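Here subunit A shows up in two complexes: once beside subunit B, once beside subunit C.
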Partner chain A sequence: MQTKTLHKRLDQKQENLKSLLDMQDDVVFKEVFIPGYESTGLFVFVNGTMDYPAFNEIVLDLSAAQVETNHPISIEQLVLSKICPVREQDIETYEKAKEYIFDGKTLLFIDGIVTGYVLNLEKEKIRALSEPSTERVVRGPKIGFIESLQENIGLIRQYSSHPSLIVKQHKIGTMEKREVALIYYEGKASDSLIKEVNQRVNEVKATDLQDSGMLEELIEDTAFSPFPQIQNTERPDKVLAALQEGRVVIMMDGSPFALMAPTTITMLLQSPDDYYERWVAGSFLRALRYFSLFVTVFLSGIYISLVSFNPGLLPTELAMTIAGTRENVPFPPFVEAIIMELTIELLREAGIRLPSPIGQTVGLVGGVIIGQAAVQANIVSSLMVIIVSITTITSFTVPQYSFGLAFRALRFGAMIFSAVLGLYGTTLFFIIVISHLSKLTSFQEPYFQPMDFIGKKTWKDAFFRLPKRKKGGNILESSGRQNS
Partner chain B sequence: MSQADGKILSGELAAIISCSMLGVGMLTLPRTITEKINSSDGWIVLIFNGVLISLFICLLIVMLKKHQVTNYYAYMEEAFGKWLYKMVGLIVVVYFTGVASFEVLAMGEMVRFYLLEETPVEIVILTMILATVHLLTGKIKAIAKVCVFFLPLTIVIVLLIYLLSIKVIDIKNLQPVLGKGFLPVMKGMGSGTLSFFGIELFIFMFGTVKNKNKVKSGVLIGFFIPVILYVITYVLVVATLTVPEVKSVTWPTISFVQSYEVKGIFIERLELFLLITWILQFFCTHAIYYYFAAEGLTEIFNNSYTTNLIVLVPLVFFLAKIPKNTIEIFTFSDILGYIFPFILIGLPIITFIIVQLKRSRRSG
Partner chain C sequence: MKRLWLILLIPLLSSCWDSHNIEELSLVVGMGIDKSKKKNEIMLTEQILVPPGNSLQENQAQLKYKNVTVSAKTLHEAIRDSLLITNTVLTNHQRILLINEDVLRKIPMEAIINQSIRDNNTRRSCLVYLTKRPTREILGLADYGEIPSNVIYELKDNVKRTNKILPPLTLGNASSSLQSDGSFAIQGVEIKGKKLILEGAGVINNSKLVGVMNNEDIASLNWLNGEVKGGIIEAVHHGNPFSVEVIKRTKRKVTTELNGDHLTINVKVGYTTRLSEDWYGKENSFKKSYLKDAERVAEDKVEEDVEEIVWKLQHKYKTGVAGLYRYVENQHPKFWEKNKNKWDEIFSNADINYQVDLRIIDFGSKGGVK
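Up next, the complex of A and B:
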């Protein structure tokens, strides 16, 4: 497509534009007569992107314009003064014109003037701010991000008025350009981190990104890990806390989920209301989460290895009880466990996909009825049902959904290791998971930092959430990344 | 601090040293020491050994600091010249490989004995070696983190188990203190070296510690955590099982934990927890020695670290296959026990003296 400068006459412009936009039925051409100057203007825009009230105002202004006899001004000056609040740019070529039309802008051409004006009369289609649906808290701010990048940045700016909060915007994507914003506090986020994030975001080559989840996969350290290496959130308060910790927040237009990098395990297990509630409760809940992670992954495995390899290690009465419940069950513990775990995972997946009232019914029907029937039919033992239910409940306590998913998947690994090598296998699997975590990095920073749990300053905020009432009480300063 | 810079903190150094010391030694030391001195005074031996070695550590650190050692292999090259250095380096690597296979072998025996009677021990050994290789691709930083995570876990679980044993301890079994005089204790000084395996590694880690001023405290903390655990273990085991019984069992510490049951909690057989934490500790010890063997090969032959990791898999595995029975396993440990003082004491002192002479000649 060769570049073609705009014609001077309006009818020529219209003809050329029409032939250029030949197939597009949603492009609207609207002429407006400017009586004072005996001239005509032409608006070109894509139907549906336009903010009509603002458009009407400009049209009214233009058509009401009169030539002032005292200080006569040219038509160009008149038009410029009328469109000044929405004018973005001037264009000279048809190709540029086409580009801006599909960008959602409105173009204005005046008969006799070569230059076309790009007006920003875009109306963003956004939903109202509402409570984040994936990360609910009992106490704390109830506002969540929406799909509009500008609105989200506005939310962050509203709560953080410090001038050292930097917002840098890029456009990425090879075909559809998406606006991506990097947000950080200058001086708090390390230069090497900012450089690394910038570089990775700029290297992204994708035709289109619909959600920040897709961006996450393209900029994370390694794809070969079950664990999410970048934290995501819908909550502005979490983003603000992350900024205070010196992390970089990446937001993308069209996605209500902000990405926060780098990430550590301790961060993924913190919920914002740990800090909003009293510290005793917060510490208790946080410790509970670590425990529940362990239970999620290893309880079924431990059951399998104890029952099938070392029943002698159990207390005698308990061993008898287990043997009693398993008396008529034809399967080995591993098969029994796999059947139940798979059933539960299926129910869970089905429950998410269905509309919420039906989803709950399916959960209830599946959980209660299938469980009961399976026990009565001697397909699984009742203890197995209890264990599977416990592991399912515990897997829901992880504040970050994607992190919980990783552990749900790992549970099957633990079960297989236990079925093959017994308790040694369970331990081996534990070792392998810990080894993997030790090697994992998030933006070159360690992902798993056990020194946090025993470090002088950091332990208070790692496993527990101890009170922060100390000189200024800046808990976020000392949380997590001191040792990293 | 990023993951890639390969420097460790002094706390991590302490954890690595503790984890490398806590291995098979803790489970067998009541027997090895009691066999030698034939009385219940082994804890005095342990304390004496601990104090002596810790004094020697302080001396070594002064020596290493004086020469500003950042890489021990380069330091050895400076001392011995190119060819002799390669020979000495290889001996060191062979020793590391030996300890690595010995630990994994001992773990295989323990697992076979208490957990998996029917599974071939080769599978246990091989899976452990492969898990180690998986960890070691992350180099010293990954090992440090694993140790920092496993060490507090081990200490807490072991102390809890010991706490619950209070009912069965009979302190009379330890009396009379020094009943046979001081001589047997002096004779027993050399025994139980197996328990101190691991302390020599700090020489090789000296260059990787971030803050050189904290090396001493790191090493000493890392050294005294296991020594204190050893003394507690020895006292409890001998007080519970009595001297003749301790001498007759292969794994006295496990036998001690098996000797009592705790009613009222979910699991009354506590050896389960001891076995699991000790698998973790065996893994750590094995992984650390394996790492230093691979690292040593890389320094000596200047080839890729990953290649060395893979080359060592069959070496460690077949070395662990050589001993056919328990007696041969202990012969294996005895041979390693002879090399240990050379690596800990002989090598650094000789190297120091030669380098000192060379450097003073050059400057003077």
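Up next, the complex of A and C:
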């Protein structure tokens, strides 16, 4: 397409623009007569992006304009003075005009003037701020991010007025451009980290993204790991805490989820209300979460290995009970476990996909009826149902949904290893998971810290949440990263 | 690279050969060893748990255990022979091992428990008991559907309440005792009135059964060994019986003196006790002298009993069941080194002085009559 400069006459302009945009029915042409100068203006915009009250004001202003006899001004000067608050740019070609129209801007052409004016009369469609639905807390701020980047940054700026909070914006995408913002505290985030994040975000510039989840996958260290290497959150308080710890926060327009890098495994198991509640309760809940993580991955595996390989390790009475419940079950424990685990995963998936009132019913019907019927029909043993229920419940205690998903998947690995090699296999799987975690990095920082070395200072915020000291500032800082 | 993955998958395909589901195993809780009718063979009775069924009605109908009896020359052969009758045997959960007296009179105990000790599956914490009746009869006693092995096993906890039970003898203890001085006592099990009871004990010396003791002897032996953890001392004062319950041991001191080849062992023990019953109508426990008198009577009773068991050990069984050899070994190592093979003889000729100090620190919620 050649560049074509705008015509001087309005009807020619309109004709050309119409032929350029012939397929688009939602492009609106609106003429306005400026009586003082006996001239005509033309507004071109895409219907639906227009902020009509602001538009009306300008139209009223223009049509009411009179020629001042004392100081006559040209029509160009008049228009410029009227549109000054919303004017963004001037254009000379039809191609530019088309581009701006679809960017949501409003164009104004005046008969007799070649230049077209780009007006920003855009109205952003956003929902109201509400409680974050994926990360609820009992006590703590109840505000969450929304899909508008500018609103989200405004939210962060509102709570952190420090001038060293830096917001850097990039545009990503080929067809649809999305704003991506890198946010960090200058001086707290290390230079190498900022460089690394910048570089990775630049590398994915030519990709169209719908959500920060897609960005996350493109900039993380390795995609071949079940563990998320970047934490996401909907909560401004979590983002602020991460900023203070010297992390870089990446936010994308159109996604309410902020990414925080680098991420460590302990971060994923901390919930903000650990810090808002009293420390004893916070520590207890945090320790409970680590325990439930272990149960999620290994309980079914341990059951399988105890029942089919090492029954001598069970207490005698328990061995009797288990043998009793398994008496008429036709499958080996592994098959039994796979059947039940898959059923539960299916129910869970169905529950998420269905509309919420039906979803709950499915959960109930599936959980209670299938479980009960399967036991009565001797397809699975009652103990297996209990174990599967426990592992399912414990997998929900992980504050980070994506992290919980990783462990749900790993559970099947543990079950296979146990079914093949017994308790030895379970131990082997544990070692494999731990060594993988130790090898993993998030933005070139160890993922497994601070568990990689022993010291009271680093551990006291990992497994437990010990009381804050009044001196020495924020507990989050002392938990901090070693190289920031 | 693709081939490497296939190689790594081979272990998965070859898997599961150790896999054996729990419901297909025979969980053995108890074993009994008798003499077989066939010559030179022993008879093994295995008590196998039968898992309860799912429905309630099934539960009431069926027994909770089954017994399998086979006979063979060695214990392991017998266990393997039992596989002709029942599922694969799992002895991890074995709780008791019953041995018939007749077996121990003929075959050394070392040989009888050899397989169980050698085998990693049978726990060293499995308890060993002696029976006068055939073990098959004892393990076959269905008392209200309870599992005989469990009944016997659970009685061991009563050692804190009565002193007429020997402290539980585990397979590991038995093995280590056989390795050292080879002399110890085994708790006996009997059937009385269609009930299983712990009664009597056998004295083992050099792997052989050399004698049996009654319940009173067991109590006295416990006093001598310092193994009393509870139980009652019965005595008579002012012509009326009274009983004193043992609370806690406060001290035990064993000193040995050597005079040439003659050994003197002094045992001093102290216990706190409680006046738990008193039939004397004019009691006045609020008076210190009254309690002191009762203490003295009880002490005399205990010392008398101990004297009797010492006499029995020295002259009837001629063996130092009491484990006093350790003190000689520690306090006179040179003498022990020279004479350890003659320990039974030395013990039999030794002077044993036993002194007990009972202190009544409590007399409950009644102390006198107005």
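The definition used in the following text is that the second predicted complex is superposed on the first by the 471 of 484 C-alpha atoms of A that agree within 3 Å, B and C clash if a C-alpha of one lies under 4 Å from a C-alpha of the other, contacts with A are read in each partner's own complex, and residues count from 1 in each chain.
Please note the rule applied: contacts are C-beta pairs under 8 Å (C-beta built on N, C-alpha and C of every residue); 3 or more make two chains touch, one makes a residue touch a chain.
Everything quoted here is computed from the prediction, not taken from an experiment.
Subunit B and subunit C, once both complexes are superposed via subunit A, fit side by side. Draw one line from the C-alpha centre of subunit A to that of subunit B and another to that of subunit C; the angle between them is 40°, to the nearest 10.
Put simply, more of the residues of subunit A are touched by B, taking subunit B and subunit C as the two choices. Of the two partner chains placed by superposition, A:I73 touches none, neither subunit B nor subunit C. In the superposed model, A:L421 lies in contact with both subunit B and subunit C. Once the two complexes are laid over each other on the shared chain, residue contacts for A:V365 go to neither subunit B nor subunit C. Contacts of A:A64 after superposition on the shared chain: neither subunit B nor subunit C is touched.
Looking at the shared chain after the overlay, A:S435 reaches subunit B, while subunit C stays out of its contact range. With both structures placed on the common chain, the touch criterion links A:Q444 to subunit B but leaves subunit C unconnected. The gap separating subunit B from subunit C at its narrowest, counted between C-alpha atoms of the superposed chains, is 5 angstrom. In the superposition on chain A, the residues of subunit A contacting both subunit B and subunit C are 309, 312-314, 421-422.
By the touch rule above, subunit A contacts subunit B in their complex via residues 192, 309-310, 312-315, 318, 421-424, 427-428, 430-432, 434-439, 441, 444-446, 448-451, 453-455, 483-484.
In the complex of the two chains, the subunit C residues touching subunit A come out as 11-12, 15-16, 18-23, 25, 27, 29, 49, 51-54, 90, 92-93, 95, 121. Subunit B meets subunit A in the complex at residues 1-4, 9, 11-12, 111, 115-116, 119, 123-124, 127-128, 131, 134-135, 137-138, 141-143, 145-146, 148-150, 152, 266-269, 271-272, 275-276, 279-280, 283.
Residue ranges on subunit A touching subunit C, taken from their complex, read 307-309, 311-314, 316, 319-320, 322-329, 332-333, 378, 416, 419-422.
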